[in-house]
């Protein structure tokens, strides 16, 4: 069973809208080696896990849970990069149709016009070429060695692609998120490589993939300095055997150590997204808004009650 | 950010393997109106949510979180229905290839041979016709009224299909899970219909869809008697405004009341899946198994440490 | 602009349900060379037509319009083949869930379980392997010679596949429809081959494809005797130049002649489909049925009014 | 059975070519919520219809027939927006290859280069991101309430997307067609919502979706003033029971009334498309053209004969 | 540039037709980890290869060329398994339609009816669930370490799936081909693992994947005894640097040695496939057959001339 | 069985990078009518060939083998067009991340960003709209007449699209390859049309498709003058019966003659592709490079040995 708190695993950094950057980042969300794939692949592997190798299952599932939060983070980042793009590119917009101006004209030239026609300047489950995510991306062979090796390839390819995306934009909103994912993909490379180490493999100097000094990306450097690329989180409210694997020297063989924590040492607020009348989003007219507002009054009480109920159950 | 406990939202009931039943149930997992769709659709809608209608966002996201646990439940159920099917259908199997018998001959005649060739008698992200799940199933329009209406259609179609699947097998493993999903889909129909009620719609006697006395299914009746088809859960560790909507009379207009809880009143253990040598799953030979076993010793200590670390952080 | 009458282009012949035959026939509906493809390919070619070769455009569009009626015919045939299959295979069904019997157990073993889970024993836009129809099937090159040649290949492949399907079942419902399509595909082969003849090609003894005596199929023989395999219909309420091409000796060079008519010489009634409570189709409970029935009273009057309005307009 | 007249349901308005606008409009044709979907979904629902609720079937099928004419209209509009784009953007073109200039250089930078490589500056069955239309878009559940609700969601999403497309271009060719579709999608929202009203739902102020004053779009205003957004057409040559549902006060509850007609009160000519030698379309060289021209002479006679044959049959 | 000889890389062994076995084997041809994938992935990797690591490129390309011959072998095997299945299952067939018997009735119940409707009892580019092969299967990252690791995963998954397929049928035609592919996939695992060894990895006892004694399959044992699972072939007419990598101790660390040859030590004849009148294949009627036969006379001369021309050029 | 030499079938001509031209050319590689389709379609047709019409099989297979070399040529051309595009468009690049500049910023605006994110400035198995190649493109009906006609349509459509692509760019790298493919597609049109001639068809003046004077393209003219558009190659090391068909007057009926050769009269070197550090391709850091370099020493010896082994076997 799964739970949630209203937090992000990394902050959304402010910068200007950039729909092309948003589109490139879609590869990291809905691409063949993006976060939706890692999330679903590891969930399926852990649900279908066979045998008594609990530490391996807990390792796979722990990363799976983190990946849901990555999907959350990258979705919010794409939304942020798209948000307000029409106005930013020059057309002020207040009431749909008013004045007859094509207030979203820029949208028809964008990499993926779906961000404006189908979505409301928000993230979509597609890749940077507009292909929808496919269940065929999920590899769940049931053979432990093979699944670990497949996962290592998956994390390495994800990291490679994100390093390329980093170099495609100087936008700070994009770079902050991509840098975090580069660091975490490296951490997950370490986790799966370590699991293979427990089964006998010695990696020598092969890892991480791609092999280069990622601390040349300043945003990544900060995370490396904080040790984020060597930490593992299990996100389990009832304990986990992940740490039986994720400890000791890192398979990068660079003198660093792996460490397992319950969750990241910091959490960040989830920014709200403003209304966009040009998208009819949320699109409540005054009458409907009044009805919706009637629920606001109830907010504080409800919150209290729900919290109370929960604490009683515990 | 997301968390997990090693529990199922409904128990896995024991019965014999039935690969055809497993295949039918795939529709409820990876079909166009299955649990992967609901999970991803509601997650995307909540991540891309615009405006200040927090109760609506919390409603959508609360159901999204529950759907991840549904994906977990239905995956475990499919795995259970497939588990041991080759042996059950007559061929004993000990060592791959031994004696030259085609120990998985039945597999080549099954609805989806992928369950045995690609997966290791486990669930897959595909539908009952073998089509992989597609990102194009996810509808996230950004218009609140439309998204609520789309979600109501989604839950109604999901419930309709599960009612049909219920009638396709007497297998108790299948029926227990399907019955639970019929009850919960009805609950979610109520939730989205209620949200539309707050915006003015009166449903009169239209709901639920399909309109029939589902208590004629004994497994469903038990859940209805326990009120499971009227409860909403928010699964939030930090409170939720879901209850501002999910309270009062149910939109079925049958005299029942909606109630919002933090989580279900009962949780169930996750059963382990045995090794399947005919699938090479997990496929560790004695040498590799010895290496893996070396981690077992460390288990208890690790568990203690992880729990400790977490409690310190809290 | 398009119009409709409540008629079928060929009769639905009575026989017993046969879900496997229905599934094979799906290839003729939603397959790569099925009727949905011909319908959409010719519609797109006629909408995008360039130049002043009106007879060619009218030929292509005339066949396009007929193909919509083929989609109608084959859909009704598939529905008929599926209709009542669960009961026919032994389980009586009255109220969903009653008695706990798996009243649709046979459905989980069928070629495409979607016919029972997703559809309500009705036709679907998929092929015989369960793949959904794809827009990529439509070839519309804009080059007249190439489009005509592509259309000839399309009709020939369609006819080849239907000849194979004919040999896969003795079911009279299937054979009546398939035989009609074999005859019409031959007619359309003639039409496109004739159009290429006007541009210089001589076919000698190559046609039709496949080359064999299809009058060995008794249902086809009857249609050949009636000349159905040499007639062209334009289905235009305002005249057509199709006949400028479709006249004179047939490109099969077998002594037969092509003839162009406005529409087929006979039309057939569209059979109604009964309710299927096991599918919740249409699934109105007594209360909703009463509301729906309230419209019945109005039927006769309405019919008169609508007809009247139309005649006034004309 | 289906028929055709050489008319459009709305006029094609002259303006300059705009390939990006054409691409955006593809969403309305081949997108998941475009006219190909509505056409095929309603056709399948009417062909597979169960039970004796004829007015509901006639409603669904009547709209289905109209949608074929929408596919015709939107295809012609896209063709018009693409037609001549290479020349318009600066390169005069007479003979392919002459002078070695890249006469279609602009094409390689367009949103969907397929419009120039695969099609001949014509419409394609794809969406605005280039994905081919899929049969999986068609929802045909067989449950009447659910199908009506699904159709309402479909029309609402279609209308939402077209309102967004309207704001993406000031091109008059695009806006005229999009405005018409906005008005008709609203009419169809009313039709399906009214059908649900007959089964008990009260919509209060929820409709139409999106909720805004579309008369701020001048092209839409004209159609609203003419009542186009409240008319239903059945397009049946032999009467229809659609009017049993589509009459009385509109479910928008804005004081307007629904009215059912046999067909629209006005029809428009279908514009011819010129040859495009840079696309080899139709690509007849002088020799072949002479052969094709030989058929022209026959035109008038043929037309007369066909009309005659038809009138005799009636 | 590529060349061909009329030889198979392994013999087709005689046994009875078995359409289900043929369908299972499709996974090895058109599946996500089948021979079409390996062929295309390695071809693309070698065509896009960057840098001066010729031995690595030659290794990848050498295996690519072999994979084309695997596609040839597995296609011929599937064809053989399908060939004559209708007659074998009881219905004699001479002339299509003769006697009205459904001579291909068994076909409608098969795993993939396309083998009989779309193909003529021949192999297709699809997997065992009927999904067409997709270009998205091809991974070509351009990073050498990652591509080698991805290839190792690909060969390992291919071998795992073939081991499972082996256990699904006792048919000798299937087992002979599958056994050969199990041996060759192991050889290719060794090749890519060895390439990674040159970059520092030590595999210890991890390989091959799956880890088991495949010599328990008698057909595989024979190949292992002949050393087939340790040989590499480069298939280059102008030399290759593959052997710089593929030599020395095997990465399985079992005392075996890798050896590089120009091509396999034995070649086998390609069996001809008989006509199938029930499939209209090749479907020449007597008139057309006579025309085709006219070319036979010319055969011997032509063969001589072609060989002569070639030898002159060399 | 297949073999390879390190040669291209046409030279790669030097010009500047042009990612949009590369993308347009993808249609010729991975499009529905591109070289991957021709290669796989003809391979499957020849592997599944039925009956004793060897000359027809040899014709189809001979062209199949050539198409593999076309895939090689067009892949190298696309790679060349992409190679160095980021630097060419203004950003010098030495070490990833150095200086924080977005060294691949141009990539995010390209037609298909996958060329830079997923591939490393190399060819991909997709079309110009980014859709992955699909196995459903392969038509293999088993009926000889139909397969020949389908192949004629395929070559004609391929040639039509390449003529359009030629007009989309003046880049010499693109035009050299496209011109060669235009000439060869015409040759293959002739081959399949000639095969149909042997079965009775007379083409008169219909061919080639599209019908225009392609010698207006200077690069094509040179090839026509050299007779390349009338030559057929069989690429068989052991002789072929292709020449029984491919001889005598060309079906274009323009006075030219068909001629069959073992292989093209000229071969061209395969250019090496440089490292691209911005893509981490091949991405060996100094340590790994040193390990890879250790293999270089061995090169000459190995080459000799391999050649020796081969010559001994022959």
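Which chain is which? They are A, B, C, D, E and F, in the order written, and residues in each are numbered from 1.
The criterion applied here is as follows: contacts are C-beta pairs under 8 Å (C-beta built on N, C-alpha and C of every residue); 3 or more make two chains touch, one makes a residue touch a chain.
Nothing here was measured: the structure is a model prediction, and the numbers come from that model.
The pair A-F is the one among A-E, A-F or B-D whose contacts match those of C-E for more than half of the residue pairs. We define each chain's centre as the mean of its Cα atoms; on that basis chain C and chain F are separated by 39 Å.
Chain geometry summary: the mean Cα position of chain C and that of chain D are 22 Å apart. Shared contact sites, meaning residues of chain B that touch two or more other chains, fall at 32, 118, 126, 130-132, 134, 136, 141, 143, 145-146, 160, 199-200, 205-206, 210-211, 279-280, 283-284, 288. In terms of which chains touch, the assembly is arranged in some other way, matching none of the line, ring, star or all-to-all patterns. Chain contact summary for the complex, chain F toward chain A: residues 95-98, 100-105, 107-109, 112-114, 116-118, 126, 130-132, 278-280, 283-285, 287-288.
Across the complex, chain D is touched by residues 20-21, 23-24, 27, 31-32, 111, 127-131, 160-161, 163-170, 205-206, 210-212, 214, 216-218, 220 of chain F.
Within the complex formed with chain B, the chain D residues making contact are 32, 131, 134, 136, 139, 141, 143, 145-146, 149-150, 152-153, 156-157, 160, 196, 199-206, 209-211. On the chain C side of its complex with chain D, the touching residues are 1-9, 30, 36, 40, 43-44, 47-56, 61, 65, 68-69, 71-72, 75-76, 79, 118-126, 132-136, 138, 140-146, 198-200, 234-245, 260-263, 265, 267, 272-276, 279-284, 288, 291-292, 294-296, 298-299, 302-307, 309-310, 313.
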